[in-house]
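These are the structures in question, set out in turn.
Two complexes are shown next, each including chain A; its partner changes from chain B in the first to chain C in the second.
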Partner chain A sequence: MGKYLLRRILQMIPVVIGTTLLIYALVFALPGDPVAAMFGDKPVNAAVAAQIRSEYNLDKPFIIQYLIFLKNALTLDFGNTFAGQPVIAVIGRAFPVTIKLAIMAFVFEAVFGVVFGIISGLKKGKWYDSVILIVSLLLISVPTFVTGFVLQYFLGVKWGLLPVTAGSNPGFIDLLMPASVLGSVSMAYIIRLTRTEVSSNISEDYVRTARAKGMSNKSVTLRHVLRNSMIPVVTYLGADIGALMGGAMITERIFNINGIGNTLYQGIIRGEGTLVVSIVTILVLVFVVCNLVVDMFYAVLDPRIRYV
Partner chain B sequence: MQKSSKLTVVVAALSAAVMSLSACGGSSDTASTDTSTSGNTDQVMSVYGCEPANPLIPTNTNEVCGGNPIDLLFAKLVAYDDKGKTENEVAKEIKASDENKKFTITLNDGWKFTDGTAVTAESFTKAWSYGANVSNAQLSSSFFQNIVGFSDLQKKGVDKNAQLSGLKVVDDKTFTVDLTSPSSVFPTSLGYSAFAPLPDSFFKDPKAFGEKPVGNGPYKFESWTHNDSIKLVKNDDYKGVAPAHNGGITFKMYTDTEPAYADVQAGNLDALETVPASASQTFTTDSSVQAYNKAGSVFQSFSFPATLKHFELGTKEGTLRRQAVSMAINRKQLVDKVLGGIGTPAVDFISPVIPGYSDSLKGNGVLKYNKDEAKKLWAEADEISKWTDSDKLTFAYNTDGGAKPVYDAIVNQVKNTLGINVATNPIPTFSEFRNSITARTMKSAFRTGWQADYPSAENYLSPLYSSAAADGKGSNDGDYKNSEFDALLTKAATASDEDTANESYHAAEELLLRDLPSVPLYYSNAAGVAAKGVKGFKMNWKNLPVYQELTK
Partner chain C sequence: MTDNTISPESAEAEEFFMDPLPGQERFVAPVDETPLKAVDSVDESEPATSMWTSAWIALRKNPLFIFAAILIVFIIIVALFPQLFTHNDPTYCNLDNSLGKASGSHPLGFDQQGCDVYSRVIYGARTSVSVGVLTTIIVVAVGGFIGAIAGFFGGWIDSLLSRITDVFFAIPLLLGAIVLLQMFRTSDSIWKVVFALALFGWVQVARITRGSVMEAKNLEFNTASTALGSTPMRNLFRHVLPNALAPVIVVATTSLGTYIVSEATLSFLGVGLPSTTVSWGGDISTAQSLLRINPSVLFYPSAALAITVLAFIMMGDAVKDALDPKSRTE
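The block that comes next holds the complex of A and B.
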């Protein structure tokens, strides 16, 4: 187990270096000159532009720029944004907000997804099974920005039930609507996944055997059916944490949440290589760690799985 | 029964998670709404804002996110009223001599920065020199290029504290400015934020100042929470021409205008100076907001590269084809149907809200939709050099600025009128778009727009069409070079009063109407919304709310 963990952690090093290099190259290859763009429609003063380029090392070749970035990143110095803000401070402000949003969305989708999925799977064919199926189908087929705008208009603007936008330091109430929107699609998938798993496991031989041995319906469902049904669901949830953090761009824009998604968007628009790469690096780490945790979870759910 | 009990457990767990989350969320939900009696002069008004791209330093800010707060924080030598008329503010007198090549500026007494220090002649000369000096890498440095000594400050490695030699301090309240070339518009341009005075504390630590600026304007800086808000409060010591009627202005930051519009609808935001595309057709009839929609100062056009095949600048064929394309466009229809009425069809090269505008220029018929004439001119051009079936006219625009529907419509109009092969050439980002224009690699007609920095015909004409700004030296992207036009601009620059100057500008515009280096389309309206119950919501010549007059 320990050996396995160590190996997995060591594997993260090439993954991180590879992704940062790739992202750095992509940002570098973006057409357009961020320094010229800073002048907007106004004439570019070449002398000033040169000064700014040398300040941000933009006049150096790509690989040198990348090595400088890597060297500084090792000492946790990610440089400054064009606005003169330390990148680390910008991320430090945005990340807690995104984490809050992602946790709320995660809890929302995990709880409601699993609960409705189980209800549906156990009582297949009942009227509420059909309702749950139809609603989940609807959520999957409608893009989040539509769900977002519609909820924002009715719940926020029209009826005034929830805050319309969240701002930079949002509380629980502010994030209630954005988190439900963000988690809604995944929730629908989890409902369907859980439902399929539960309904197929319930007719398995081992369930029939357990029943024949005289176990109560409750413990059969909880200890056998559910436990075995959770493996694919946990896999999906684990991968989704990363997606919730990095993929909140649309939701964050609709509800004006100043989290990672919005910051990343601004970084891309302004061509701020270091900001984009730093954020992506952190997201990569989140993904890698989540995957590791999910793999660990398998053993808990299914004792047959061993790590060597 | 079993099931329901399970659900209760789940709900309890969820609300426990929720509690801990809200605990770390702090108390932000109180900040968003303000309800109070109407017209309260202590009321802090919340307005749309966005995260500045640069520190809040006047000479280093050239975009609206930082520009709007800066404009309220600093009083300049002159100020513009809502109509774009210039009046003295910090300046008592600006006296021109030597045919508008030398200006003597005297300051009014009693002006103070909010840190208590006096506004002196040096507050201006040192600030301008700082802005012009290349070692300080200020984005607005080009505003000082007409001041004597500018080129000396452009050399690599020049001392950070080196001053412009054309600025001479006579005494505490007087200084003189020597210009390289005459400029009658110089006093007007002094109201642009790059010409703001700076206190001594700035030069000691520009970096700290950029986070916490100290000015002399109608508002005093209170705080800047990045990506959240910039808070300004009323400056009680301000004695200028546009005092605040409210207690302060809070710029609430957004990355998109859609949520800001929703916040105005819900009453959480007092004013928004633009209208998101999704609401452009409905905002004037939306009962949950107050709408404002009048002709504005942003000039929208498209330009042809000087050497674009069949459209070459200055050739008979090129001119005929440029005119034909211009007459093939139905501007009225474009504005009404595509823009939902938030534009006004162009009849000149300036804007209806700027002094010097004229709707009766000779030759402005070329900006009117005329199907038959367009076809005739196109056919005439065909006799000089045939437009074949393989030729294609394309229109380039940046897709990140909402220009797509406009250019789709233009393409259809030109195609239907002239019956030729026309298409759009969408370019993903503004930066990439500007890059290929600056590098002169653009092989399409391309979108050009201009927002004036100060309300003057000069600011619409010389940066865009003078020979001095061509070939990458300025914003003359179509490389228009016409000595007759330049001579008229010079004549206007040496004119003794504004009316004489405007006569020359009109003559210059008539040349543009003939040659069409760029084709005027429409003036973007000053369109915005305010929440119900907000008073004094109107917009100025810059298409911005008159922040000082907002109350509720």
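The block that comes next holds the complex of A and C.
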């Protein structure tokens, strides 16, 4: 186990380097002058531009810029934003909000996705199975931002049940609607996945054997059907953490949340390369670590899987 | 020949074959009673049903498939020949008609700019369907190729390609696409969206192809083919790929819908197609501010988009049922 863990952590290093290099190349090596972007609508002053270029190492070759970035990133020094704030401070302010949002969305999609998926899979063909299926198909085919706007309009504006936007320091209630919207598409996929798994496992031989041995319905379902159905669901959930981070950009924009998604979006639009690359680096790290945790979790679900 | 063996000509053998023990007389029927031909011949009046033939037979009986297929054919016709369905110009907008009510030749009314909503919904199909179809083609070609090479050859090729796949996998589709599209904000070609979605979308297909190629590679027919002198490349294309194709087709069909949604989302974020291109995504994002005043302007393009995506997802489900009878969703 320890050896496996070490190997996986070592494998993460090229992935993180490759991913940051890719994003760095996209942001800095492609056409578009970040210094000109910095001036915004003001005329570009050549001397100031040159100074900024040397301050941000923009006068050096691309690969040197990247290595300097990587070296500084190891000490959590991501440089400054255009406005002069340290990038790490901006991230530090925005990140907790997004973590809260993402955890709520994750719990939402995992709990409701699995529960509805099980109900649907166990009672195939019943009317509530059809309802669950149709609702999940609708959630997948309607873009998140439309779902978001419609919910915001009805729950927030028209009926006043939940806050319309989340303020600067949102609490549980403020994030309830954004988190459900963020998790809704993945929830629909998890419902479908769980339903397929449960309904195919339920006709397996080992389930029949367990019933023949006289196990109660409840423990057959819980210990045999569910446990075996969860492996693909857990894989999906692990990979979904990345999608949640990407999706946060849309949700945070709709509900006006000052999280990492909104900060990243602003950074991309304003052409703040340093900010974008720093945030993406952190997101990639979170994603890679979460996937490792998920892989570790397999052994708990399936004792046949051993890590050596 | 040793003493222990019975030679067919010997008297001993004659006794052995000719005189069965009591009660065993009828265990072996005389050869002339059951001609070998009847047992060994194969019914060749019908061709053997391959996986694809039986999948097609199952598909034709599935109402889900018929429904999805009719919808998709209809949507493709709308995308190819929008002028068959409306005589109005989607780009002709007259502010006098802003948010105008529905009338005979304008069945869905007008949007804020005074453009005819119905003709915009009809003409928007081409953009969404093109983005979906083109992205899927590129993703399957690139992802399928990389996944197949990695899974089939294994070793260092697999390690290298898998690490490259991991790098792209760690960047969420939307995030990567936004960063890339930000660079091409001035271009109004749909290819930039196709390229951005394909660049970060091929990974999923590559992973699935790799897995299913690795599975198909170890099946007996592949060993048999190698034993008969087949080259690895011939094995890959003749035997492994056709048997590894099923999960790839399923994912490709479902992803097509996802790419259409992603295009709309990118347009909503302002980095997708410019407002000069008639697209559902663009119309939805301009209509969102009208939700409180005139929700129908938001509703129609959203509904068109949802129906299209739904059709492709249902098609994916139907194909999955047909190709893998074990995982029936219906």
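The rule is short, and it goes like this: the second predicted complex is superposed on the first by the 303 of 308 C-alpha atoms of A that agree within 3 Å, B and C clash if a C-alpha of one lies under 4 Å from a C-alpha of the other, contacts with A are read in each partner's own complex, and residues count from 1 in each chain.
FYI, a contact is a pair of C-beta atoms (placed from the backbone, for glycine too) under 8 Å apart; a residue touches a chain by one contact, two chains touch by 3 or more.
Being a predicted model, the structure only gives us computed values, none of them experimental.
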* **First, second, both or neither for A:G242, with chain B first and chain C second** => second
* With the two complexes superposed on chain A, say which partner A:T263 touches: chain B (first), chain C (second), both, or neither. => first
* Could you look at A:Y153 and tell me whether it touches chain B, chain C, both or neither (first, second, both, neither)? => both
* To do: Using the superposition on chain A described above, determine whether A:R253 touches chain B (first), chain C (second), both, or neither.
  => both
* If touched residues of chain A are counted for chain B and for chain C, the larger one -> B
* **Touched partner set for A:G271, first chain B, second chain C, both or neither** => both
* Asked: Between chain B (first) and chain C (second), which, if any, makes contact with A:I231: first, second, both or neither?
  -> neither
* In the overlay, answer first, second, both or neither for which of chain B and chain C A:V90 touches. => first
* Asked: Thinking of the overlay built on chain A, is A:P43 touched by chain B (first), by chain C (second), by both, or by neither?
  -> first
* Asked: For chain A, what residues appear in both contact lists, the one with chain B and the one with chain C?
  -> 30-32, 149, 153, 157, 253, 265, 269, 271
* **Partner chain A, residues of chain B touching it in the complex** => 2-3, 6-7, 10, 13-14, 17-19, 21-22, 24-29, 31-32, 51-55, 62-63, 134-135, 137-142, 154-156, 207, 210, 225-229, 252-256, 258-260, 262-263, 265-266, 268, 288, 400, 428-435, 438, 449-451, 463, 469, 473-475
* chain A - residues contacting chain C, complex -> 11, 14-16, 18-19, 22-23, 26-27, 30-32, 137-138, 140-146, 149-150, 153, 157, 192, 195-196, 199-200, 239, 242-243, 245-247, 249-250, 253, 264-265, 268-269, 271, 276, 280, 283-284, 287-288
* Asked: Within the complex, which stretch of chain A touches chain B?
  -> 30-34, 36-45, 47-48, 50-52, 55, 82-85, 89-90, 93-94, 96, 100, 103-104, 107, 111, 115, 119, 149, 152-153, 156-157, 160, 163-165, 167-175, 218, 253-256, 258, 262-263, 265-266, 269-271
* **chain C residues touching chain A - in the complex, by the definition given at the top** => 163-164, 166-176, 178-180, 182-183, 257, 261, 264-265, 268-271, 281, 284-285, 288, 291-292, 298, 302, 305-310, 313-314, 326-329
